[in-house]
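One chain, chain A, links the two complexes that follow: it is found with chain B in the first and with chain C in the second.
This part shows the complex of A and B:
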């Protein structure tokens, strides 16, 4: 990286700096008379007095500049963090100043400028991280630090004036329920899909005839549009609940949690099953021949050779399923499945953008954190340590 | 003693191995040689029942191999294959200890055995025990593969083209190692190869397979001097026959009194190498030494007549 020909300025860093400064020109926050009407954009420097806005603007500019030197990815990472801190500072200062004397029903929200900056700084952070290429444990540490920072900012109440937090404040209990329901839908369906998909994958690996019959069926399930899949579940489970004795007692009904859960499980079977098959196939044929020749039973071959070697691929399948289900669970709200989707659809009905965000932002954060955590697990599951590759 | 008794394997009604009978003495190396498709690998794999015979049986020390469950039988028979087949996710020590672990040896005994084998294969245990296969050279991987096959002191070691993936220099060294270790441990080895040179160098006995049949089974010298069929003669290689024959005998066989000039050769040098030295240095006789002491000479005439007498 430090060869003579390497450019001193990182090309993506330069792009982020230009885009970031341009984003500062866009309205940083919006001020609306109430939660329904469209707000009016306010630029960063006109939100409050210079004593309040200058530190934030300076931090963002400095962060973007720190993102430039190609040779120092650590500095670029720090720059991204500094820029994010500056943006949060501006939000805090801006919301207090804008609401001051604006009326009881007035709402402030982050504007296009803030969101653009957030994306640009996140990209800068990702770019710096990909240059640093930290090991799985270092990544886990960074993830924990980022979550801790986020929790501190949210827990401090400094952002409580923002419209989205006012929506939250009036729905605390509903939010907690939705969060649990969402986690249940995503992780529960993952667990069931794994419990069914692993054995199915192992069977498919053993019997090519079964694989040829089963994988196309699972593949077909995967192609059904999500809304249609949830729709199909309604009459299907409705019929089950009417005809199977005891089905209603355990909560099976045409709408609600059960059909949403079942649909998510069906979606998950292909990635889990196909990746299990692919994972088991990664063992070198010579190693399997040797295992057979030295007297390992089929079960010993599976547990001592095939599964350990295939674990990263199998976990990669679970990662796909988890991220996919966290997203799909939003749509489950349409059939009464609950979860963060409830707020999204309520918000759409009321044209209350911040209510939509109250459902959407936690979903995005959850998916992102799950993806990073699963990537770390995939790396940790690698059968030989990093230095051997 | 391994007795292979009229063993046959049919694929789609056609015999891949056709009524082969052969006896392998304990503590010897038998090289099964043939072209691809000759059935040599199928014959080998029927011994540890990776392929089930269509008819006939194999007895190890008098016991039929069908008397044991397949995986139990295989744990008693070492198996080394081309491309070593090491487990990429296990260290060298764990790879070598695989069969003892299957047999339930105590950890301390496995560890001692692993170190013993690594020493035997000239791989210092402290340096190699905890490495992964990907961190070894091709020759080292192959040695670990053979060490793994020998780990549980098996009654019999089966090797399927174990040196096929090695370059010529490493390959020669691996063959010498195998010969030395077989002598040291007294192992019984059946090795499959397509290379007659390798078969002649390694085998106490050579079995030549052609189209599923065993066409000749004898000592290397018999195979070279009295090939049973035109196919065997072709395998032995017409113009190279005298040189291959000479490669079987050490100069100590032809030692005589008399003067000889120049550098001496050790008494275990093969006649082929001695001939080569004569031709290269333009000498008619070479001094022969044992443990650094001159014990006589070997002459070009004597070497020539040794090769001629089978014409």
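This part shows the complex of A and C:
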């Protein structure tokens, strides 16, 4: 098909183009009589008149074609963005046209075709980006641009007709509370885990005997399935709140925020502690020797040599914890801890798909953005900038 | 070493007793149950729940291993090299998807029951195995590979007789990570009506019966810890056999 040294057509790009066009054949949106029943799929070109659908379809097709040339990753990136814009255009046009005269309780949602296209275009973008290998600052700029684009689309209200936004509109306050609670659970437990884990890691680094004893215990904790861990916290904290005077006054109870928070902290200790130990060990012996030769005290060596050199590894540990806790905080809803999980489990109980999405999509977005942001920080902290991982 | 074996035997005995003879533990769990409420979960036998839980995990992990290792082999051949950067990005970003979210998103697509749980466990299980298999297959000792070429092994023989056996311990580490995640995610699968041990915990949470929560939590936790430990020892044993100095 092409010569081995300089293939003109990117193999993944070709795969995405084929899959993307196939995804267009699947139902792009679904129209349902109300929020509970399963919707009926509608194909992209039959959602509205050609004057409304053609620009979107053309943009998607053009975007997929732009993804083909292997030598121009920037063009491929632009193609992915164009395709995404086309898909959003189709959603906006389709939801208005489908709801027109469909009844008061009718709901429109993105269908399998849209979700597949979204994944394919995101993969095209990821592939182009991994060929471009932008530095940390360029990635930060791209991330900010992507978030700005997302905020513009969501803020403009153009998608307000979609079922998931109607679910949002009817529980705006609850959503804001859940978002705060979720952030508190994820970032608060990260802060506590860092406050406990760093000193613990430094101690383990100094005393190998302590490390031998402690790290297996922490990795044992990490193994316990989350639901079991949350469950076991309930009687434990219930007992604390019953027996320790003043515990109830500061909000410690068997059920709710406290057990969820404690479970997340316990899960976080291993990645923070182990990565601190590993990070401190990355200092090359020559650097330590030089620091000793300059007459640095152990304390100065720790703060001026070992910690700065180990920072990327330590930050990588915090990335693991942050992403893990954002995901685990969903389960907190099962023990009354709040967060986006509330919507997920309510949605599962009512079999209301869009309520599930209202909980799951922000969680996924939060985890992805946090992971990308932490990766950028890790790269910035590396003394010799690494290539994009 | 001796103490370790005794501890493991004790934990296995405790686990078996918790599953097979739950009634023995009634006096211990009684203080946690609500006044006059049931102490031991009796809506389903704990043995059948355990078997169904482990079955789901085993099936999903076996399928994930097969697919992930095949993909890793394809990507590490010269013909599949174009997909390398993409596959790295997918594994890196894919693992940031919370397992619970994958489970929740599988429900609209597949409905309730064991199906979505199986699919979520499978999809999520692919990533760690694939990542480790790619790492292992692309970091084989060059001298060994050269020797394999030198004694005239063809590509297929090199793959089956040299590359895969050498990569096995690292691949096994990936399988272990994926099994542990699957055990935990399967627990949550009971919220979408899959028959797993999570049922006991969820029933306890819904009826404020801490005895159920504790009983179910202990069983799931013990299973996870013991399976994790067994796989760690298997890896260490394999590494030793391969003559790789570093034990896991």
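Convention: the second predicted complex is superposed on the first by the 379 of 389 C-alpha atoms of A that agree within 3 Å, B and C clash if a C-alpha of one lies under 4 Å from a C-alpha of the other, contacts with A are read in each partner's own complex, and residues count from 1 in each chain.
Please note the rule applied: a contact is a pair of C-beta atoms (placed from the backbone, for glycine too) under 8 Å apart; a residue touches a chain by one contact, two chains touch by 3 or more.
Model, not experiment: these values are computed from the prediction.
When the shared chain is aligned, chain C comes close enough to touch A:363, but chain B does not. In the superposed model, A:183 makes contact with neither chain B nor chain C. Of the two partner chains placed by the overlay, only chain B lies in contact with A:287; chain C stays clear of it.
Judged by the number of chain A residues each one touches, C leads among chain B and chain C.
By the touch criterion stated above, A:225 is placed in contact with chain C alone, chain B being left untouched.
With both structures placed on the common chain, the touch criterion links A:235 to chain C but leaves chain B unconnected. With both structures placed on the common chain, the touch criterion links A:300 to chain B but leaves chain C unconnected. Look at A:373: by the touch rule set out above, it reaches neither chain B nor chain C.
On chain A, the surface touched by chain B in one complex and the surface touched by chain C in the other have residues 389 in common.
Residues of chain B touching chain A in their complex: 48, 50, 70-76, 79, 81-89, 98-99, 102, 132, 134-135, 145, 148-149, 158.
The touching residues of chain C, counted against chain A in their complex, run 32, 82-83, 85-86, 88-90, 92-93, 95-101, 104-105, 107-109, 112, 180, 183-184, 187-188, 191-192, 198, 201-202, 204-205, 210, 213-214, 216-218, 220-221, 224-225, 228.
Within the complex, the chain A residues that touch chain C are 7, 10-12, 70, 112, 123, 126-127, 129-131, 220, 223-229, 231-232, 234-235, 238, 254, 323, 326-328, 330-331, 334-335, 341, 344-345, 347-348, 351, 353, 356-357, 359-360, 363-364, 367-368, 370-371, 389. Here chain A touches chain B in the complex through residues 284, 286-297, 300, 304-305, 308-309, 383-384, 388-389, going by the rule given at the top.
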